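You will see two complexes here that share chain A, one where it goes with chain B and one where it goes with chain C.
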Partner chain A sequence: MSLTLAYNIARGALASNAATASVVSRNLANAENPDASRKTALLVTDATGGVHVAGVANEVEAALLEQSLKSTSASSHSAEVAKVLQTLSAVVGDPELEGSPAALIGQFRSALQTAAASPHDTTSLQGVLSSAEALTESLNSAAELTTSTRRVAQDTIETAVGDLQSLLGAFSDLNREIVTGTALGRDVTDQLDRRNSLLRGIADLVDIRTQERSDGDMAIFLANGTVLFETSARSISFDGNAALLPGQPGSALRIDGVPQTDGESLGGKIGGLLVVRDELTLELGSQLDEIARGLIVATSESDQSASPSGPAQAGLFTYPGGPGLPASGSVAVGLASSISVNANANPALGGALERIRDGGISDPGDPRYVYNAGSLPGYAGRLNELIDGLSADQPFASSVSVSVTNGGVLAFATASAGWLEGERSTSSADSEQKRLLADKAAGAWQSEAGVNLDDELSALMALERSYQASTRLISAVNSMFDALLSAVR
Partner chain B sequence: MSIGGMMRTSVSGMTAQSNRLSAVSENIANASTIGYKSSKAEFSSLLLEGTGSDYSSGGVETTIHHEISKQGVLQGSTSYSDLAISGDGFFLVQDASGGISLTRAGSFVLDDAGKLVNSAGFTLMGVPLEDGKEAVLSANGTSGLEPIDLSSNKLDSEPTTTGELSVNLPSTSADVAAADMPSTNSATAQYSARTSMTVYNSLGEEVTLDIYYAKSTTTGEWGVSVYDAAGRSSSGGFPYASGALATATLQFDSDGNLTSTSTSSLSIPVPGGETMTLSLNDTTQLAEDFTIMTVDANGNPPLEPSGIEISDDGIVSMVYANGTRRSAYQIPVATVASPDKLIPKAGNVFQVSSESGDITLGTANSGGRGKIISGALEASTVDLASELTDMIEAQRSYTANSRVFQTGSELLDVLVNLKR
Partner chain C sequence: MTFATISSLAMWDAARTSMSRTQSQLASTSQEVSSGRHYDVGIALGTETARAINARLVIEDIDAIVAMNGVAGERLSTMQSSISAMREVANNLFTEATQAAQSDADRQHFVESARSMLATLTTLLSATSNGTYVLSGVNNLSAPVSDYLAEPPSAARSAVIAAFTSEFGIAPDDPAVSNITAAGIRTYWSGAYSALFEDPNWQSVFSSASDNPTELRIGPQEHAAYSVSANDAGVRKLYSALVAVVDAGAGEMNSDTFAALAGLVADTAGSAAADLVRSEASLGAAQSRIANANSRMQVNRSILEKVVGDLESVDQAEASTRLNNLTTQLQVSYAVTARMFSLSLLDYL
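Now for the complex of A and B:
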């Protein structure tokens, strides 16, 4: 031990104090930055007892990061689904709401009941016609809404895939910087923070798992094991312009050549949009098609001759494939968008209102399908048959999620509205819960890895003291040298 | 006995003290010189033979001793090429004329030719390394040494030769019929799990390998096949343009681990590259989703070295942007039997003398040699306080000697004045 050594050690202490203070000031400057982690200067004792700053490290708990990524993607996945269901439900789902198919079937039925009470009154028949028209319009527009929702989902997926690609590009550059920096012993904590924030951006789009490798290198996988980034970013292909065929899943999203068809396991915003595009809207579309088919079947006309020979034919409600009935037991894709009120019952289109009461809408030229052969103005048989038909049991396709055995199309439409409302309330509750979890995970991350002003300020005060002590040591050594030098005469 | 002898003795005393002062002044001047070893004047008495009353005073002889083996304080620096030895030994350096010397002054910087040159102009010597091989150091000579050349004007790539892939295969997967196994490369091929990894061919191009796992109808057996992703069909999978690069059957025991007889690695001929050994040792088959535990492969694309790293055993490695390290040189540490007997030369270097013993080369941090510390410098061993006290002491001794001389001179005056 010598004075020179004491001098050197004190000088080293000053240098490391200054370096630590710069780290503290970086922390303070980033106190409001949610992506910044708290950095600490690593102090190392030299062989001679001095001290130096060996590097800067940040406190990142890998498990917390993983948790935060998972909850981010779960939250954005459910939010996306809930948002779409909210819109669909507002238009299609509410049985009480004017304009929803279920409510309009109810109105159609009451119009029929009014007409059955006074079958001679053309005003009440007119009421039946206009409520039937409102019903078909509602089904048409609901079908159009599901199609446009699918198209919007498709476009949004394309945008999100573009975002994902650019995030992966940025990730790739940053990852290389981190690997090089770590290998050369540079301070890469700021790059790590930025990489974590990119990871959160990617997790918002798809559910990911990460793996740390040597030199800070990181690989990203999807939750189902498909590689997203490993040394290099993997190819992502998606054709946003591909035609959306009704009733069929849209064009596949391929990541690293693997088709991602299961939106639920893909997770994140893109997964949510895939669920919307290929599951929810398809299911809702099928249910609307089934309601349309149920209506056509419920209002069909049968051969009234003494020895019936003709098949049942589409009556008040018809479709481009009429007058034959659509096949029962399977979904007739696109029926809800093409169902219409038969022109033969509409005076504006050359038909006659009385046919609603008398029958013969399906084929006015064929007397076999006329119920009220004598054109009696008080005949209510056909109208009553129509009322019963709406709630008469009929088979529905087993591929849809709603199954109704009793109550006919009226019950089916109500059950369908109930299904949509159920999905909506489940998904919005789910979304709310996932959002809370994500907030909580973000809070845990912040409190564990983030900057705490109190800690930093107290560290700053300790640094100040230690700096003063080192300065005092230097001045003491200095005055000792002075004493020595004044001894030389 | 003579007055003249006494005066000569005091002159020798003054000469000795001025030698000491010279050493002190040299030490103080070099108090901040990196790698400087302080010198110290040591004295021995010189006696003349005298008989009885005929006494002749002797004198003092000075030897300058250099404390070369004394360790200086290590000071941290921010440059990787600042080197210090903590412990015994010396760097070998070359001067402009090609002569080899020893030094502890490690403040090297890269010059325009990629050589490491210290502040005194000496070039650091090393043994070139074939990557991954031990250096052959000649035990008692400097043959095989050459100036370390870190000029990085060459791109370097390395084809992938080894890799590791550990995954969990879900035991709950559906069986894949033998005719539909991924190894068939038919359009109808099925798989239970699929992943990919990036490797490098001989030109340093990235090659993506698609790896398929399919659960066989035989209990506990999985087929694994590797394809070149460049040959994917337009649908992103089967059939590939060419057959599987490698195919094997993995066998798992009832605990979900690979059996001892199962295949545990694949030899994959990387298209345009070398054959790669992919270890599948830690693959498991448990009731959990397909999860990738480890995926890693060596090799790197064409890269310029982006930095240099020097380990404590003196291995100089080029560090590439992807984190790969390639050893280029080894800096040997030279020791001699008696370091304090080395001859100091200008520029903080030392040369071997007949008394010091011959140079022995060895690897740093082994066999009693010190370790090389990158990013540190060895400070001068001079302690200012002790030099100053030495100086005061030398001053006092000098004054005392001059008084003796003065007394002699006065006595001679008295003698001369006897004759009037």
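Now for the complex of A and C:
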């Protein structure tokens, strides 16, 4: 044991002190960075009893990170669905405002009721025509809303896929740096932090599972097992410009060659958007088409002659395929966007209002479909029949989620509004809960891995003290040398 | 030695996120307190929204039906008062004809009186409500009968005179009418004359009213129909009795024949009054069905109003308590946040 050794130990202490202080200052600087983890200098006592910094480690609890990633993707998945349902719920609106297709059918019925009480009055027939037009316009615009929501979802998926690709590119670079850095024994903690932050970004887009190897390498899998990243990023293809055919799922998203059609299991924002594009909007669209078909059937005209031979024909409400009725029991795709009020009943388009009362809208040239042969002004039979038709039982396609056994198109439209609000209510509660979970998981990771300012400050004070002690040691050794040298002199 | 530390960011974030959540709840709750309805009815009700919409639909339907029952009720009342006035006319005619059958003294007066009754009947038959002729059935934009006594003679009057002329070979104002016997006038009455007032003559010559029933939807699932019109038996009989006095040669008849004619008129007027009572009864039945349907719908409506209220409203007391709690909670988290941020080792170094 020599004084030189004591001197060297003190010098080493100063050096490790400085290294530790730099780690503390890095921590302090990153206190507000949610992605940063707390770094600690690893101090090692060497053979001579001195101390040096062997490396820097960060505190990442892998399980907490995994939990946080999972809950992030669940939260963004349900948030995406809830957001879109919020948009779609404009179709129904607040029941008090009475803007849903069901409420408009109700207003149409009230207009018919008014007309039935004074069938001679063309003003009341005009009222029927206007409320019928309001009804078709509302169905047209609801159909347009579902189509545009689909289109927006398609575009957003394209953007999100682009984001995913660039995130994976950045991930790939960082991963390589970490693997080489770890092999060379460099401090890679900052790169690890950045890689974790990229992981969070990826988990926001799709539900992922990670696997870390001993050399610092990381592989990413989708929750359904498809490889997303393994040494290099896997190919992701999506055609954002592909045509969206009404009633059919849009173009497929392929990851590593595997088509991802199940948005629910894909998870994340992209999964949520796939659910929106290929399930929710299609379902709502089919329901609107069924409401449109129900209206056409409910207001159809039948052969009134003594021995009826003609088929029922589309009356007040018609569509480009009229006057034949759309096939029963299956969804007529696109009907809600093409349903219109028959021009034969609209004086502005060359029709006659009286046909609403008298019948013969489907084909004014065919007397078989006229209900009120003498055009008697007080005849309310057909108007009453129209009112009853709105709530008369009729079959609806079994492929839609809404089913009504009786009550006709009015009950179907009401049930459809209930379905939409039910979905919205569930998804909004779900998204709220998932967001809380994600906040909690992120918070748990944060509080475990993040920087505590007070802790770092007290560490700084300890460092200050040990720095003072080391310098005192150096000056003590120095004065000992002085004493020794003056004794020798 | 390591300590389990919590990151400062997590600590501050916790306070911040809880504050923003409380604030957004405060906004929705304060709206619930002021409006008394759920902040977002769709979210609060979920699939139950269908029930709320359905209840509102039925309420709207009931409102429309009740309003239109008002229109129908007004029409029925007009018909009722018009028919009841006709019954008065029939009774008066019966009285006067009975007297005329007994004494020939006031023959001229009787004929004049019948002419004015005929004018009254025409007015009564042309009663209107809501711009329509109530006694025209479903052909309600045309008056049921035209003015019988108009100049030049109406088609109806010409037909009556032609029937008389073809029966007796002379016009009703011919002095030779005095040769017609009581038996002759009875034959005419029960034969050619009565046929004029039977279908299809009645509808082609006198009346443009339609027999088709007027259909009413008086309740969500309730329909009523009535077919009281100028074609009712009572109206026809009264009309035929009055026309007979005017245009069956009453002015020139001998006393016996006149007595026979007055007797026939009295019989027909009496029978017309009885038939008119029947029409009144059928109108009254329709009126009372409407009244019953209305009161049933009122009951139903108030139940549905309650359903809508129960579904869409929030408990005001509960909501305002919630508002108070949230306010307190927010104040607490402000206080806690302020203290947390003031807690820093830096201040003590």
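Operating definition for what follows: the second predicted complex is superposed on the first by the 479 of 489 C-alpha atoms of A that agree within 3 Å, B and C clash if a C-alpha of one lies under 4 Å from a C-alpha of the other, contacts with A are read in each partner's own complex, and residues count from 1 in each chain.
Assume a residue touches a chain if its C-beta (ideal position, glycine included) is under 8 Å from a C-beta of that chain, and two chains touch if they have at least 3 such contacts.
The shown structure was predicted, so the numbers you read here are calculated from the model rather than taken from an experiment.
Participant: For A:K70, decide between first (touching chain B), second (touching chain C), both and neither.
Facilitator: After superposition on chain A, A:K70 lies in contact with neither partner.
Participant: Who touches more of chain A, chain B or chain C?
Facilitator: Of chain B and chain C, the partner in contact with more residues of chain A is C.
Participant: Just to be sure I read the superposition right, which of the two partners does A:G443 touch: chain B = first, chain C = second, or both, or neither?
Facilitator: second
Participant: Should A:G418 be classified as contacting the first partner (chain B), the second (chain C), both, or neither?
Facilitator: Touch partner of A:G418: chain C, not chain B.
Participant: Looking at the overlay, what does A:G257 touch: chain B (first), chain C (second), both, or neither?
Facilitator: First partner only, chain B.
Participant: Touching A:R26, do we find chain B (first), chain C (second), both, or neither?
Facilitator: Neither chain B nor chain C is touched by A:R26.
Participant: A:R368 in the overlay: touching chain B, chain C, both, or neither? Say first, second, both or neither.
Facilitator: Touch status of A:R368: no partner.
Participant: Could you list which residues of chain A make contact with chain B in one structure and with chain C in the other?
Facilitator: Correct list for chain A: none, the interfaces share no residue.
Participant: Would you pull the chain A residues touching chain C in the complex into a rising list?
Facilitator: Chain A residues touching chain C: 31-34, 38, 89, 92, 94-96, 98, 100, 102-103, 105-107, 109-110, 113-114, 116-118, 120-121, 374, 376-381, 384, 387-388, 410-411, 414-415, 417-422, 424-426, 428-429, 439, 443, 446-455, 457-458, 461.
Participant: Note which residues of chain A are touching chain B in the complex, please.
Facilitator: 2-5, 8, 12, 46-48, 50, 52, 176, 179-180, 182-185, 209, 211, 213-217, 219, 221, 223-227, 230-232, 234, 237, 254, 256-259, 480-481, 484-485, 487-488
Participant: How about chain B: which of its residues touch chain A in the complex?
Facilitator: Residues 31, 73-76, 86, 167, 193-198, 206, 208, 210, 229, 232, 235-237, 289-297, 306-307, 309, 319-323, 325, 379, 382-386, 388-389, 391-392, 395 of chain B touch chain A in their complex.
Participant: Quick check on the complex: what are the chain C residues that touch chain A?
Facilitator: Residues of chain C touching chain A: 3, 5-11, 13-14, 17, 37, 41-54, 56-57, 60-61, 63-65, 67-68, 71-72, 130-132, 136-141, 210, 212, 214-217, 223, 308, 312, 344-346, 349.
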